[in-house]
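Got a structure for you, questions after.
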Amino acid sequence: MTITPASVVSARNLGLTFETNDGPVNALTGVNLDVNKGDFVSFIGPSGCGKTTFLRVIADLEKPTSGTITVNGTTPEDARKNRSYGYVFQAAALYPWRTIEKNIALPLEIMGYGAADQKARIERTLDLVNLTGFGKKFPWQLSGGMQQRASIARALAFDADLLLMDEPFGALDEIVRDHLNEQLLKLWDRTNKTICFVTHSIPEAVYLSTKIVVMSPRPGRVTDVIESTLPKERPLDIRETPEFLEIASRVREGLRAGHSYDE
Amino acid sequence: ADKVVLQLKWVTQAQFAGYYVAKDKGFYEEEGLDVEIKPGGPDIAPPQVIAGGGADVVVDWMPSALATREKGVPLVNIAQPFKSSGMMLTCLKESGVATPADFKGKTLGVWFFGNEYPFLSWMSQLGLKTDGGPDGVTVLKQGFNVDPLIQKQAACISTMTYNEYWQVIDAGIKPEDLVTFKYEDQGVATLEDGLYVLEDKLKDPAFKEKMVKFVRASMKGWKYAEANQDEAADIVLENDATGAQTEAHQKRMMGEIAKLTAGSNGALDEADYKRTVASLMKGGSDPVITKEPEGAFTHEITDAALK
Amino acid sequence: MNSGLIVGSIAFWLIAWAINEWLVRRKFKNRSAVRAARLAVPLLFGITILVLWEGLVRGLNVPSVLLPPPSMIWTRLINSLPTLWADFQQTFLKAVITGYALGCGLGFLVAIAIDRSPFLQKGLLPLGNFVSALPVIGVAPIMVMWFGFDWQSKVAVVVIMTFFPMLVNTVSGLAATSSMERDLMRTYAASWFQTLLKLRLPAAWPFIFNALKINSTLALIGAIVAEFFGTPIVGMGFRISTEVGRMNVDMVWAEIAVAAVAGSAFYGLVALVERAVTFWHPSVRGGQA
Amino acid sequence: MEKQSFFRDRIMPVGTILLGLLVIWYIATVFLNAPFERDTAARAGTPISFSEILPKTMFQERPVLPAPHQVVAEIWDTTVNKPITSKRSLVYHAWITLSATLLGFGIGTVLGILLAVGIVHNRAMDRSLMPWVIASQTIPILAIAPMIIVVLNAVGIAGLLPKALISTYLSFFPIVVGMVKGLRSPEQIQLDLMHTYYASPSQTFWKLRWPASMPYLFTSLKVAIAISLVGAIVGELPTGAISGLGARLLAGSYYGQTVQIWSALFMAAALAATLVIIVGFAHTAVLRRMGVKP
Amino acid sequence: MTITPASVVSARNLGLTFETNDGPVNALTGVNLDVNKGDFVSFIGPSGCGKTTFLRVIADLEKPTSGTITVNGTTPEDARKNRSYGYVFQAAALYPWRTIEKNIALPLEIMGYGAADQKARIERTLDLVNLTGFGKKFPWQLSGGMQQRASIARALAFDADLLLMDEPFGALDEIVRDHLNEQLLKLWDRTNKTICFVTHSIPEAVYLSTKIVVMSPRPGRVTDVIESTLPKERPLDIRETPEFLEIASRVREGLRAGHSYDE
């Protein structure tokens, strides 16, 4: 067996093709990747290169059309049934008929948390994303960024070892983003979760990750995997160090290479 | 008390006065019977009800009963309170109908649902086709009222002496503006409201006994109704759950009904039966019954009841 | 009573159900097999019902004036095709189709008018509710009085029956857009008509098709029932009501079978058009459990 | 302010439209009823002028179209002037019909929702049941109602239930059609969310499909309750047309009492409108609780 | 009159309060702002500070509850009816029953452009946002970023003098974003449009704008308006100049000040 025991996600030669009204679309081809327990992996790449698709495959929301993938050593399906991951979608996907509080309570209700526990968790996560006081509002009464934060709170409310986050901080300003970045790192450090994180921001990817996966489109594939040499302890000003900048420029190179196919 | 369920052919009205009177006056009770009277309606087929076990005895017209018998539900006539037929064709004079010979090319309103047989056999006697061709008549399926005549959608419509005819009169048309053809007079009359039961049930002596009592009490009711027409009409009104019948109309109907029941003591007249069967077997291209029915009536019950 | 027949037909039913379960769970490789399985399932289900029916009716000796067995109905159907065809023309081709088109069209137009004018919305909608349940039985005689015996009066009845479902569904459908989608139109200063055409109607289609589907069967019922209240001596409703009186229940069921096939085909056609028009709606696009 | 706007927003528009209809109605009354007067006059041999016809058309005993005031008088007479327990009271009959309607609607709603749930969740049911549910609706109910009633009677079910079942038969269908659509209306991403939680089908149902289907449900309910009433009225015929609005309609039709038909019709329509409006209120209330943007 | 003839947007003491189920929310208070013809104004501020709300007021999608605002010298309503602006929403808001092409054609159809003109414009704008070849796809067949680009294309397809863009580039990666930034600047330069642009990225704001409006939340208000001293001609590497960095740090200061009320 090539799967190391600590391997959380392991993709071998993974491919996925969508059939559409005007021909097939190769969303992923020949993806090989290992994510180990405790890793913080960022996915970065041009729009449409298959990042979301890859996360959806891990989450058992799409079935690959070729290759194999295991999650926690089992099939994605079993992993999903074990409720082993939390997923933050690219769009907030809040249920419009539930208040913010109730939206966060949704997974808790489903997974059978007690009422008091639910309340505590809702409060804690609302606070974590700076939405205290907005729990009673309906989604359409919140700004775009607030909705996205609510959806992050929803994914953090229950204990999953694996977090799949699809551009969670895309609609947030720098300050909130920095704040949430720090919080996320702390959470990751404290709970030893494994995190797969899609972002478009190179500094964010470098700041957060232990491993950066650079992807490129048409067909979507992995062009580079960069292991971060930064220490686990990362104050915000680590972003000014040469080490940081060097990794960032390597990522930028990779990205540019991917883009060149296109423009 | 023994329970008997009677299914009427139509809604509560003086046409069924005898049964309501018998119930109301306690004639059934005297015989030790507990009779439930179920009114009918536009799409209640009494034969279906009795075949489905919903009634012990039904009021039906003979054509329909004989047709049912041929279809495998062996109905047997046990009594015939109505001696003569009340059916007729009522025409507007102004439409140019004076004799049956004038029917050709006219539109005639007819009731269906099993009531069309006498009409069809009459037409075939007259040699008129009913398919709407130029040398036949156009037939309309008439609803439950006399509108087609009043609105001149038809030259003639079917009426009963005791009911629809008077509605035409009520609508403001004078009798002298009308021409009527009684089926009785045209020799195509068929037997109307008779009492029918299932043949195999008659094999049970207890049931037979019950029917004897029932027929006896019912006939008592009929005779009482004939004698006390206003009271009978009131009893009918009392039993009408729709609250839609009017007193005047029911009293008049009772008067006409009495004329039809007058000649009968309840026993079926075999000559009438034969005439009905003959008329039905002739029914043109589409005869109502194809073979001479056997055992379609019995005198056993009336014989016992009228002793 | 014949218990062998009863047990046999029930057993057949159970087996057929099992086969169906197996068929829908199975994944077929090639497309024609998939299509065949799709057809086979409802067909098998239908055959099962017929077998069960035949078995029970014969097994329990149900009199044929109450419920004839399917085999008898079939024989009758085959032997009376010309009559059935004439009835079908009268009732379905003339009354149902015309009434359906007029009723749905009217419901739709009134819904649009209501949408257009707040005044009408407040004034007409409550009155629309008012016609929602004008019972056929009450209306049919009146329509016969007004429009005569022939199919025109049936059309009027069908119009009344189909009007309300269309009205309600269209009104709901027109309200079924999200506020952002509406805002977009506002930013273009789109006219009411443009907004209707390009946003609210497309969004309303799923609702409108619901009404079209419900009405496809309702129209048929309406036309048939209306014929109970006076008709020329042709038509499916006429035939049903007379043949019941004549105790030709097999003929009644033959008409019912024709009605069922015609109605289902009509519904199927509407459903097909719906798939084509609302291809984008999650209920069509996928999203099965 | 509230009261004023109630007048302006409710009474005024309805009133105006009503007034318009009333005018049309009166005109129609004259035209539809005039021929009869002319005929009567012609038969009597006395020529008659239009101004003589006009008042007569308003007070015919068996008009083709009764004048509004005749209908109103009849309704007034049969509702207010009769004790409601009387068989001549329209209220009494309306109540009989209403009880069958509500029972039938209740059963129909539950049945319709259950079928829709089955169809949405079980592919075997979707494929095999739906075509037959549709076929069932094409069977003219009036044709088989007597048989149903006979059979039910034979197994000892009588009274309210057989009538209600005919309501059910008609009303479950709009619910099935609407709910199948509604239960399938959640967006893919909303379903995906449930998928990631490995929510059980019942959880997905109650927390996602059910709330998402509300607009469809209420629209269907409005149609269904109206059809239920039609069903209850139809169902009154084969049960012997003893009582209820259906029986009134039939008796009115049988005896050519147009005024009676029209007043029963109006009662039925008013009943339907009330029921639909109640469902409408429930709809608004539920939407508000679900926090829909006004 | 205080309104200069070239003033495109002019807000005086503008306020907007939402009534919600649990009390009123002050989305905007005392906003004073002038946007002149040809300005490129960026709005930046923490999530929920009222940026979207302000744009919606300009676009006549919300009515202010106090103060006054004029657009092109008239009321927002008249401006809207004159079709004087194009709006890019924070979410893509594509119609699911239309292909991408058809979605872009939507405003053109409404404003009555000819068929040939429509075709040309669709092609041009699809190319501008790098979506050539995706015109025939339906929205749900595109990735999140692609959808957003389609919605940008839709707003650019017709000729409005005023562009209101609510975080148009939020879901895009750096490279595409740089590319689109350049394109937008070119377009602005060439056509002399006025642009109101909401963003969360400080460098983006500084790179693009002639004027940066910093906002702060609860209640939403304008805390700082920074006029850019950068030349109109801006190559991408202007972002390394000290002048650029100085403006950026001033914006960051303003932002931080706004945030401090809160955390």
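Each chain carries a letter (A, B, C, D and E) given by its place in the written order, and its residues are counted from 1.
Criterion: a residue touches a chain if its C-beta (ideal position, glycine included) is under 8 Å from a C-beta of that chain, and two chains touch if they have at least 3 such contacts.
Not measured: the values here are computed from a predicted model.
Between the contact lists of subunit D and subunit E, the overlap consists of A, C.
When C-beta pairs in contact are tallied for every pair of chains, the largest tally goes to C-D. Among the remaining chains, B is positioned farthest from subunit A, on the basis of C-alpha centroids. Subunit A and subunit E, compared by their mean Cα positions, are separated by 28 Å. Averaged C-alpha coordinates give centres for subunit A and subunit B that are 84 Å from one another. Averaged C-alpha coordinates put the centre of subunit A at 48 Å from the centre of subunit C. Each chain gets a centre from the mean of its Cα atoms; for subunit B and subunit C, those two points are 38 Å apart.
Multi-chain contact residues of subunit C (touching two or more other chains) are listed as 66, 141, 145, 179, 228-229, 241, 244, 281, 285.
The set of subunit D residues that touch two or more partner chains comprises 64, 142-143, 146-147, 150-151, 187-188, 237, 250, 253, 291, 293. Residue positions of subunit E touching 2 or more other chains, listed in rising order: 21, 91, 138, 140.
Of all possible chain pairs, those that touch are A-D, A-E, B-C, B-D, C-D, C-E. Taken together, the subunit A residues at the contact with subunit D in this complex read 56, 59-61, 80-83, 85-87, 89, 91, 93, 95-99, 106-107, 109-111, 138, 140. Looking at the complex, you find that subunit D touches subunit A at residues 187, 189-190, 192-200, 203, 207-208, 211-212, 214, 290-293. Every residue of subunit C that touches subunit B in the complex is listed here, in rising order: 63-66, 141, 144-145, 148-149, 227-233, 238, 241-242, 244-249. Residues of subunit C touching subunit E in their complex: 180-181, 183-190, 194, 198-199, 202, 278-281, 285.
The touching residues of subunit C, counted against subunit D in their complex, run 17, 20-21, 23-25, 38, 41-42, 44-46, 49, 66-67, 119-124, 126-127, 129-139, 141-142, 145-146, 161, 164-165, 168-169, 172, 176, 179, 206-207, 210-211, 213-214, 217-218, 220-221, 224-225, 228-229, 236-237, 240-241, 244, 252, 255-256, 259-264, 267-268, 281-283, 285-289.
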